[in-house]
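Report on the structure given below.
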Amino acid sequence: MFTFLGLGPLTWITFLPILGMIIILLIPSGEDDLAKAKSQNLYRWITVGVTFIQLVISIFLVLNFNLKFAGVNDPNSMQFVERANWIYLSGLPLLGNLKIQYFIGIDGISAPMVLLTTIVSFLATFASWNIKKSAKGYFSMYLLLVTGMMGVFVALDFFLFYVFWELMLLPMYFLIGIWGGANKEYAAIKFFLYTLFGSVFMLLVMIALYFAVGSFNMFDMMDFAKYSHSSILYGMGSNWRLIAFAALFVGFAIKVPSVPFHTWLPDAHVEAPTPISVILAGVLLKMGTYGMLRIAWPMFPDAVMYFQNWIAVIGLVSIVYGALCALGQFKFGKRDFKKLIAYSSVSHMGYVVLGMASMTTEGMVGAIFQMFNHGTITAMLFMIVGVIYDRAHTRGLDDFGGLANKMPVYTGIMTIAFFGAIGLPGLSGFVSEAMVFLGTFKTYPIYAMIAGSGIILGASYMLWALQKVFFGKLPERWSGPWDPTHKIYKTDDVNLVEKVALVPLVIIIIYLGINPNAMIGLMSNSVNHLIEFVKLSGQVAHL
Amino acid sequence: MEIGLTHFLIISGILFSLGLFGIATRKNAIMVLMSMELILNSANINFIAFSRFGGFNMEGQIAALFVIILAAAEVAVALAIVLNIYQNYHHVNVDEINKLKG
Amino acid sequence: MTPEMLLNLSIVILLIPILDFAFLIFFGKKLGRASGFIGTSVLGIDLILALIVAFVRLTQYPNETMQQYKFDWINLGNTSVTLGIGIDNLTAIMLIVVTLISFLVHLFSMEYMREDSRFSRFYAYLGLFTFSMLGIVIANNFLNMFIFWELVGVSSYLLIGFWYEKDSAANAGKKAFIVNRIGDLGFLIGLMIIYSTYGTFIFEDVFGKIHAGILPFNSGFWLTLMGILVFGGAIGKSAQFPLHVWLPDAMEGPTPVSALIHAATMVAAGVYLTARVYPMFTADALLFIAYIGALTAFIAATIAITQVDFKRVLAYSTVSQLGYMVMGLGVGAFTSGFMHLVTHAWFKALLFLASGSVIHAMHHSMHKAHNHDMDPQDIRNMGGLRKTMPITYITFLFATIAISGIPFTSGFLSKDGILAGTLAFGELSGHWFIPIAGFGAAAITAFYMFRLTIIAFHGKPKTSIAEHTHENNGFITIPLIILAVLSLWFFYSMNPLNPDEGWFHQRTQAPQSAVPASLMWNFMNPEKEINANENINVSNNRLHTISNELNKTGIPAFLVTHTLVSQPKVETEFKETLHHAHVPAMILSLIVAISGIILSFVYYQFKVYDPDSIVNLYPWLYKGSFNKWFFDEIYQATFINGTIGLAKVGAWFDFNVIDGIVNFVAAIGRGLGHITGIFDFHIIDGLVNLSAKISGWLGTALRKPQSGTIQAYLVLTVLGLVVLILLFI
Amino acid sequence: MNTFQIVFYLFALIVIISAMGVVFSRKLMYSAFSLLFTFFGVAGIYALLNADFLAVVQIMIYVGGILVLIIFGVMLTTKITDVDMISGKTGKWVYLGASIVSLSVLTLLLYMFNTVNWNLPGATAIYHDSSLDALGTVLLTKYVLTFLVAAILLLIAFIGAALIARKGN
């Protein structure tokens, strides 16, 4: 175990942003313009520094990750574990003994997510380069958000998980609500209420589980032998267990988001500033599916097997419906670039749910890999929208056209991102989608076939958007120099900061498309173990 | 009569009462401050007397020392406040500064 | 040369174009014109390597099974996904086809694309395309094939939409990609069935397991479906009916691209795929393939008659010829079908490059005349080019004769074989539609190709632009000459009338079918097994021995090969019939081809009859053909509008219903909040106010001692303290 | 009556009388100077209590520091034209109340001092050397943290005082 100042790498990676936040809060923002610009620069670089250290730590973690250890429901094969008693109270009325531990660690399921979080939050910092409005607040909120996200992925105590889950919510609300677009209040409140609605379900189930096993330790909750006989959750396959699972699933599905709990996403995306959209799509959505894998699946294996078919249907509907809505964007309503990508996110996250419902190695590996790939690809897509929004101050797809000649580098990057989203072989998205299809077909052949239509719809709307933005003739008003009164915008190609944010993602997408084993190797052991565990326990329940 | 603990305590008691009276009756803020010093001194006498006769060794003296430090700090801040009040009201009469009046 | 060296060399062949692509993408802009030289010379090296590989393979190991190399791409712990590459005779021949045509197109483009502002980008894309195509060729498994299959689709998208300033070009690229994707969906579902049933993608493993009697869902129907779905990929890529609509539109791309992609290589990929996975097709699947091919060949030919755009005529001709190939494979004339792929590649590339030469010349002529409104591709503006562009004319004529199927050309050798196959198939299975469509299409092909030649090249120039055209320089004419020479018969067989004796036929024998005998045409099963009584027993026995061998060695005894010459040749009833059908087919095809040619001379060269008279006689026929039988319109009205309608409904539903429900719930919440607000205000607040008033009175009373003087407070405090102390003491 | 007693009563007298002077004098300057004597007296009592170091500290800080500060305060807050520098009178009721309270407190304290059995472990041995050595040892070992905190507090208080007293803002 590698420690620094007595704290392990996971603690550092989780709480480093808090440290950065405190430093930022201590630096006065200055009064005149010069001082303000100076301090702004300082905030930026502190954020870059903190997230960069996080990135280095996460790479270090992945390099030192023991691929043989499965994790999932076995605390002894979790890695980089840190454990301390956090809240230990005894003799409380009603609750009895309250045991909450600071218990963190990673396995093959969370390791890719930790890596994803650090990559996306590091690169999104560069997308935040142009934030001028109250930079101090912005960057401190941003760092708080990063801590919340990271905490969710490393927590192994349900209570701790919940704390981080809610911790993430607050900065997100402010980041959308203060730095957002025209309709930001509506979007922020919608996001907040939706997610809160979901977390209430989670809280209820968490408490019920606590009463059943007497601790918040996730591994205890996965061990059916520890369930007390008097608990309502005792007895595999009981109605209460099914209800608890359904509630938990809804709580996570809102975050994913799966149809029909998805309508907060387009609004939140459209209104959020670019880097927040990037984080939202890149990391936040994965928290839902991660929660399912980490909590819902192993804790309620019986219910998973019971609802398997319905979960697959939800995934399927999300794929097709999300794609249709994205396609519908160009014939209905405002043609907003971000909305298009938001609906494509719904569709792509549907693959994750479908793959997880398939309960096959291929499907599950594909699902986790898709989580990672969607994180990188969609992050890239939103950054791309941000680039054009910075120049044009519009996201309306009808306002663009013919930019390919003006911005060749941008066009090249965007083409890669779009084809990544379509699932072009050679790019990472293909591998994960193909794996999901292959896995799903083993369990649900018909669903896999229907889901296949998603790739055609995906190609349709993505290529349509590509054509709208880049091809055809350049509208007069894009000739520049910038003149807001006459709506003339300059179209200079991506600058250095934007390149720094985009090029690493391009490299990741291509590399993982050619050598997917680099990522799949991390998770395959854990996934196999998880499937075996869930299937075994689930079958026992249904005997 | 052997001079004992009680003697010192009586002096400190008297000093305390005088200080209290001063605080209560003086109008001038600086006078109030002086009276406060009296009270602090009486407390210090108690500390040291107990230290001497009570077998507490150095503890009482240490406490007295810290009281002196605090007194210095208190006077510094208090005088600063008084000066501020003077700048605002052009007098330092405590009873006329009654913004707390309900 | 050892097999390992062969494989390593083919990996080098594969990687050279992608490195070329990467290099040109990053440095192309600085290099400018030089990127063309780099691209061309790199492809020249690639071509030489490919020739070496093909030569070695075809001479040193002509009878061996596929030499291959496998590796685990994705390791899932308990299973893994294996990829790899392999070389056999088919691959070797395809390597030459792809690299040679790619090389010639590179050369051609040096002149043709000279004035384009994105010259280097064009060469980069060509490199990407060549890479993807080579990947398809040397794949030894389904997944590899699918990966490069899609990459071909993308490079085609980029190249069709190369002049993206034109909306029509951008739309055509999009259309090509999406229509291809529909076919690919079939392919993908086919892959899912294969993987879930066999757990592997490697061709020989899959075929071996099919042969061992393992069927998807234990049903022959699913095996058929699996074959048809995989063939779905070919329908999309090879522009077969009903997904043929993208190819004519793809002519919006630069002409060299049309020659490379939409004539010779990419569209041939579908045929190659069909040939590659040939052993897995059941009788029903083969029948389906044959019908699709026949329909495509015929329908496309009828459309080509009336088109006036030079390239569109060629495009429909391509579709029609691809239909031929597919039909040939479907009816079991495997060797001829594949041979037609190769020969067609040469002469169709030639036709397109020649059309490029014409368009280039027309364009220059227009440029000199300062005329920018005319369509340089419309054959009605041409005529008399025979005089001004002799080399182009002669090479074009070579290709026209070849495609019409006149003896002493390569086209005759392959086309005749296919037609003989259809005859034999018709005779044995009773599906006579296929030979009829085949011969009909042959006649029409000869007719419209000569119509094109006569209108464009013969007679008097119809415009002054055509009059002032000039022959192009060597960059353009040399590829034309090379391809024209390749359209002659002696490359494939010394006997101009019988290809069977040539090396090509010797080395590309049809693979033996892997499907159970009961699912195959009886006449295609090996002779000794036709005996109905023994059929089941024999296949059971075979199953038994094969599974034994599988257990022993881990390697399937039955290996898929196209060159099992060393093993005893399997004689089938079909081969027998095919042999007999050869001569009648030759005579018949000659008759239809020559009558087609004569008819076109009668109408267009000598103008004995006015073609318009027929138009006036059957106006609906003309309109239908001219408008491509309204396929685009029908698709627009049904599938596209249907999908868009569905999407609209989805978006509307999302916006109004789901979000409506959410907002409605929020509104209910607000309403409840309002009601509780009223309750709050009057009752709860009332009580609160009452208590507030009471405390207000108390406050007023207690207010008196609050003088605001700190000293008073102090005194009172101390007094209280004293009282307390007194109380407690 | 031994010397110790004589000295004790002398100092007690000085302390009490001068303290009364502080409290009852109407002139600010008189009060301030009486305070000087009080401090001296208290320092003497410290010395009698074997706390020689504290006695010195008392003189140095109270007399040298605080008193000077107070006198400055007096000077700065009183108009020079006010020759008398008289502290204003408060009302009779306040006088009466304050007297009652102070007297009762005094009575109470004296009563308590006389009656309470302190139950102490017993007097400490008298140091014949200076207590400085022992005091320093304790201060820098057991109470080092408190010492540092006090130092920081003092610093902060002075900075704060300077800030507050700054003219304007």
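Per-chain residue numbering starts at 1, and chain names A, B, C and D are given in the order in which the chains are listed.
Quick note on the criterion: a contact is a pair of C-beta atoms (placed from the backbone, for glycine too) under 8 Å apart; a residue touches a chain by one contact, two chains touch by 3 or more.
Model, not experiment: these values are computed from the prediction.
Peer 1: By C-alpha centroid distance to the whole-protein centroid, which chain wins?
Peer 2: Checking distances from each chain centre to the full centroid gives A.
Peer 1: Quick one: point me to the chain whose Cα centre is farthest from that of chain C.
Peer 2: Measuring from the centre of chain C, the most distant chain centre belongs to D.
Peer 1: Between B-D and C-D, which chain pair shares more contacting C-beta pairs?
Peer 2: Spelling it out, more C-beta pairs touch across B-D than across the other pair.
Peer 1: Can you compute the centre-to-centre distance for chain A and chain D, using the mean CA position of each chain? Integer Å is fine.
Peer 2: 67
Peer 1: Roughly how far is chain B from chain D, centre to centre by C-alpha average, rounded to an integer in Å?
Peer 2: It comes to 6 Å between the two C-alpha centres.
Peer 1: Measure off the straight-line distance from the CA centroid of chain C to the CA centroid of chain D, and report it in whole Å.
Peer 2: It comes to 101 Å between the two C-alpha centres.
Peer 1: Determine the centre-to-centre distance between chain B and chain C, using the mean Cα coordinates as centres, and give it in whole Å.
Peer 2: Once rounded, the distance between the two centres reads 97 Å.
Peer 1: Among all residues of chain B, which ones touch two or more of the remaining chains?
Peer 2: 20, 24-25, 95
Peer 1: Which chain C residues touch at least two other chains?
Peer 2: Residues 711, 715, 718.
Peer 1: Which positions in chain A touch two or more other chains at once?
Peer 2: Chain A, residues with two or more chain partners: not present.
Peer 1: With touch defined as at the top, which chains are paired up in contact here?
Peer 2: A-C, B-C, B-D, C-D
Peer 1: Give the list of chain D residues in touch with chain C in this complex.
Peer 2: For chain D paired with chain C, touching residues are 90, 94, 97-98, 101, 104-105, 108.
Peer 1: In their complex, what parts of chain B are in touch with chain C?
Peer 2: Listed in rising order, the residues are 20, 23-25, 32, 94-95, 97-102.
Peer 1: With touch defined as at the start, can you tell me which chain A residues reach chain C in the complex?
Peer 2: 190, 193-194, 259-260, 262-264, 321, 324-325, 327-329, 331-333, 361-362, 365, 402, 404-405, 412, 419, 424-426, 430-431, 434-435, 437-438, 441-442, 445, 448-449, 452-453, 455-457, 459-460, 463-464, 467, 470-473, 516-517, 520-521, 524-525, 527-528
Peer 1: What residues of chain C sit close enough to touch chain D in their complex?
Peer 2: Contacts found on chain C: 711-712, 715, 718-719, 722, 725-726.
Peer 1: If we count contacts the way the header does, which residues on chain C are in touch with chain A in the complex?
Peer 2: Where chain C meets chain A, its residues are 25, 72-79, 143, 146-151, 154, 157, 161, 164-165, 167, 170-171, 174, 177-178, 181-182, 184-185, 188-189, 191-193, 195-196, 643-644, 646-652, 654-655, 658-659, 662, 666.
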